[in-house]
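Each structure below appears as structure tokens.
Each of the next two complexes has subunit A plus one other chain: subunit B in the first, subunit C in the second.
Showing the complex of A and B:
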């Protein structure tokens, strides 16, 4: 166990302490103040690793978990992992501080909140620095579970529970797919370590499991990162408290899928299917999210769709960047690797501005009582600080200078323009769509960013429409975390290369086709001349502004699209259909009638046995019996058959009992014929006892509805009975004709010498195989006790029912 | 000669059982059927006795006694059931 392991496990250890702290101090000090030290410690300790990682090195350490199976807690801290870990712990600090002021000390169950949050934080940290795929999967599911718990934090609300369930179903579905993909990869490469998988990439690419593993992994990544069409859980997850939305559903968890795709790029990159799936789905998500975001009236829903859209953007860049693996060196490779670089850069930027925006929305919600943009307005004068942060965040998201979104948006356009020139994969013609979709989506991004900025802050303040009568600026503590993020947004614009050199380039080193830091040539510059990208940005601004001010004129077009064709209603009706069809299917065969169940059992018996006998072609027997059958035996058997049929065909219960008794008595005779005196004795006693028991039962049959009638004839019963009889007759004939070994009965003939008994049967029962007898005595004992208790308890129950 | 006689009597007893079975199947009342069952028991006793002589064994003698007792008990149970509607009386 190394220091890094301790860092990852620290949130989990802290969860144990929280209930005690909450109980002891919770009513005086907000529990968040204790919690904030955890991410702060993690963040500072991770910063200590920064110089080492920035030089292009990595840190690998291992702790045994299940060494016999090769499953260990392997940690691999490289540029990518460190970047994610810093985002997770850094924004974690800010979110905890924000939540101290957001979550009420008096009203909320804070210990639950912080336990879930720390569980999530630990799981997410473990996810990004884990090198072992099974450990990765474990924490991957832990993020799903803790996210489920956090979304349903206000579990008394129906919508929270519904949102949590939906997120759980979708992400766990993806998680299981991913597990299958990871196992396939482990099977191909014969290792659980991602690093070793990347080292044996040639073996993996030649395997027939390459494509299935790729698709399964992508399913996991797409569901977690809310890509189209699995994006539907993210807007519903907005029922969570706002700090959670800011942390999980914008900055960290939804980037787990991005992380997976980035991590797997060295393995799958360069393959056309990977390129088309990742880039294509990413662009589709980008367009879908931005179009849907424009329609939203709830601020958090708007941010949710914008998150979906921005995740699509990052995903498409990763897809385009994967083409870098197609080339070995040269200018082309560099150009595509730029897309990977842009993806990492935008990923970082998105975490900063989206976190700030969510916190802003939370402030508006808390101070005004609503998040509905139709009721909000004119908050600029009341909340100047919040407004400033919102300006920085939304303009950065829209991609305007002087904010970091501008830089990554420019690089995004560069990447997409580069993708338009892709000519090494099939379907070349479609690549021209890449920059077009990217541009259109950017226009809509611009529009919803302006909606986000203008609707709550500009216009007139309508106090009568707001639930809270006194709207005022948020407390300082609530403003500090988003301010830090906003400052970061501006600082990154002016000093992008500090971030680039320390974090982005090492991260690119771990996912791109480079061997050392010196090979990475990229410099982020705010201004690179009058090129296509800048014209595109100007176009976005002009068209976006035009459309924004005419929003009332065209907004109705977006509503033409019917709601019942949306993905959400598809999901809902799909779930409903699945439930109704599975319940009707279950009702179809689980009829509650024992007759049916016995039918299934017998048909299955006969089906399996008959198929086995026929398909093995073993129906062979001769009828040359060695025993000489006398007329006496035949007539006894004939009498038995008649009596048995009598039992079946009679319409009188007494007759059925009497004929059953006749069968039993004649069985005694059969035993005599075959020289089995002990069996005959037992059979006689048991037969009489059973008959008397039957008579006992008849006495208790209910008077009401007691009809003595013939059994109705049912063709299926008849056929099943005939086939069961036939099958077992044939089987018996086959079995008696195929005696492979001699019987061991000659051993028991020495019973007198071995056991001192002249009766072989009794010697076997009590001496040679006495255990069976003991257990049968136990069976009889249990049966007797059972009957006794049944009768006793029934009479008591009957009394109770009567008094009721 | 002796064996032939034995087999002949066995066969006759079997025919008797079959005829009893006819009464068991057709018997207009339940009492007829119970009588038939009782008679089958008696026939079995005789059959087993002859069979024992035929086989020169006395392993089946207990069985003969047992059938005698039990077919009696069975018939009594049936008779009580037919007459009173129950086979074993309740104490209460």
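Showing the complex of A and C:
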């Protein structure tokens, strides 16, 4: 166990301590103050690795878990992992501080909250630095589970539970798909290590499992990162407390899918299907999210759709960037690798401004009592600091200078313009759509950013509309975390290359087709001359402003789209249909009638036996057997058949019982002619006792039960019965005709020498196979006890129903 | 002889199956009894029929009928008797408790 292992396991260890701390000091000191040291320690420890990683090195260590199966806690800390880990722990610190002021010490069950949060943090850290795919899957599902727990934190609310369930179903579905994909990759490459998989990329690309593994992995990534059409869980996950929305559903968990796609790019990059799926779905998500976000009236829902849209943006950049693997070196490769670089840059930027915006919304919610933009307005004068942070966050999201969103948006346009010239894959004509979709989505992004900024803060303050009458600025502690993020947003704009050199380039080294840091030529510049990108940005601003001020005139167009065709209602009706169809299917065959169940068993039985007999072509028997037939045999068997038919056909139960007795006594005679004296004796005694029992049972029937009933003829019963009989006749004939081995019976003929008995059957029963007899005695004993219990024991409730 | 027995086995199986598919408890038990007879016949047929004297060493014969199926059937008869007795008493109790022997009526109230 190395120091890195300790860092990853620290949140899990802390979860054990939290309940004790909460119990001892929870009522005096907010539990969050204890928790904040965990991400802080992790963040600082990770910073210590930064110089090493920035030089293009990596750190790999391992700890055995299930070594016999090759499953170990392998850690691989490279640029990509470190970048994610720093985002996770850094924003973790800020979110915990924010939650100290957001979550009330008196009203909330804080120990639950922080345990779930720490579980999530540990799982997420483990996810990004794990090199072993099965360990990766384990923590991947742990993020789903802890996210489920956090969304349903206020479990007494119906919407929280529904949102948590939806998120769980969708992400676990994707997780299982991903597991299948990872196992396929492990099968092809014969290793569980991602690094070794990347090393054996040629083997993987030649395998027939390459495409299935790719699609399954992408399903996992798309569900987790809320890509179209799996994005529906994210808006519903907004029922979680706002610190959770800020942390999980904007900065970290939804980027797990992005991480997976980035991590797998060296394996799948360069393939046209990967390019089209990742870039296409990404752009679709970008457009869908930005269009839906404009319609929202709830601030958190707006942010949720904006998150979906921005995740689509990052995903599309990763898709376009994967084309870099198609080329080996040269200017083309560099141009596409720029898209990968832009994806990483925007990923970092998005974590900063989106985290800040969620915290802003949380402040508005807490201070005014509502998140509905139709009731909010004029908060600018009351909340100047919050307003400033909101300005920075939303303008950065809109892609305006002087904020970091501007830089990554420009690089996004560059990447998409580059994609338009893709001509090495099939369907190249469609790539011209890439920059157009990107531009349209950017316009809508611009509009919802302005809605987010203008609706709550400008206009007139309508105190009568707000649940809380006294609206004031948030406490300092709540403002510090978003302020830090907002400062970061501005600082990154002015000093982008510090971030780029220390984090982004090493991260690009992990996912791009480069072998050393020196090969990466990118410099981020705020001003890059009058080129297409800057005209596109100006176009976004002009068109966006125009549309924003006329928003009332066209916004209703977006509402024309009917709600019952939305993905949500598709999901809901799909779930309902699945439930109703499975229950109607169950009710269809689980009738509760014993007759039906016996039919299923017999039909299956006959079906399997008949198929086996016919398909194995074993219907071969001759009818010339050794035993001779005498007139006695024929008449006894004929009498038995007649008696059996009497049992079946009679209307009277007494007749049925007596004719069954006749069958039994005729069996005695059959045993006699088949030379089985012991059987004949036993059968006679048993048959007598059985008949007596039948008659006894019949005698005790209630009066009305003695009615004479004819067995009604049912064709299905008859057919089943006939086929069962036919099957057994055929089976008997086949079996008697195929004697593969000699019988072992000659051994038992030594009964006198071995056991001192002259009756061979009895010697078998008590000497050679005495165990059977003992158990058979036990069966008789248990049956006797059962009969006794049935007669003697009466339940208290049952006595009332008893008809005597 | 084996062919004849095989046909009888088939007939007994048909009758037994038809009886256990009925909805009266007593008939189901009757059907089970007939099925057990059929199965016993089947077992004894497997050992070969009439291939020697009864398996008693005192007889002055050298060829005996196969004793193993006979031992198996003997066990089966006793177990079958135990089960039949138990089922009969169970049906008797069911009569007393519910006043019916119709399996459809005994399905219970499915609508609560």
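Simple rule for what comes next: the second predicted complex is superposed on the first by the 778 of 804 C-alpha atoms of A that agree within 3 Å, B and C clash if a C-alpha of one lies under 4 Å from a C-alpha of the other, contacts with A are read in each partner's own complex, and residues count from 1 in each chain.
Throughout what follows, a residue touches a chain if its C-beta (ideal position, glycine included) is under 8 Å from a C-beta of that chain, and two chains touch if they have at least 3 such contacts.
Computed from a predicted structure; not experimentally measured.
Of the two partner chains placed by superposition, only subunit B is touched by A:665; subunit C is not. Taking subunit A as the reference, the larger set of touched residues comes from C, when subunit B and subunit C are compared.
When the two structures are aligned on the shared chain, A:433 is found in touch with neither subunit B nor subunit C.
In the superposition on chain A, A:698 contacts both subunit B and subunit C. By the touch criterion defined above, A:728 lies against subunit C but remains apart from subunit B after alignment on the C-alpha atoms of chain A. With both structures placed on the common chain, the touch criterion links A:684 to subunit B but leaves subunit C unconnected.
Once the two complexes are overlaid on the shared chain, A:758 sits against subunit C while remaining clear of subunit B. Residue contacts after overlaying the shared chain place A:748 against subunit C, while subunit B stays out of touching range. Touching of subunit A by both subunit B and subunit C, each in its own complex, is seen for residues 673, 675, 677, 696, 698. Residue ranges of subunit A in contact with subunit C, taken from their complex: 592-595, 598-599, 602, 623, 625-629, 633-634, 637, 640-641, 644-645, 647-648, 653, 656-657, 660, 663-664, 667, 670-671, 673-679, 682-683, 686, 689-690, 693-694, 696-698, 700-702, 704-705, 709, 711, 714, 717-718, 720-722, 724-726, 728-729, 732-733, 735-736, 743-745, 748-749, 751-752, 757-761, 764-765, 769, 772-773, 776, 779-780, 782-784, 786-787, 790-791, 798, 801-804.
Residue ranges on subunit A touching subunit B, taken from their complex, read 630-632, 635-636, 638-639, 642-643, 646, 652, 654-655, 658-659, 661-662, 665-666, 668-669, 672-673, 675, 677, 680-681, 684-685, 687-688, 691-692, 695-696, 698-699. Residue ranges of subunit B in contact with subunit A, taken from their complex: 7, 10-11, 14-15, 17-18, 21, 24-25, 30, 33-34, 36-37, 40-41, 44, 47-48, 51, 55, 59-60, 62-63, 66-67, 70-71, 73-74, 77-78, 81-82, 85-88. Remark: subunit C residues 1-15, 17-24, 26-30, 33-34, 37-38, 40-42, 44-58, 64-68, 70-71, 73-75, 77-86, 88-93, 95-101, 103-104, 107-108, 110 touch subunit A in the complex.
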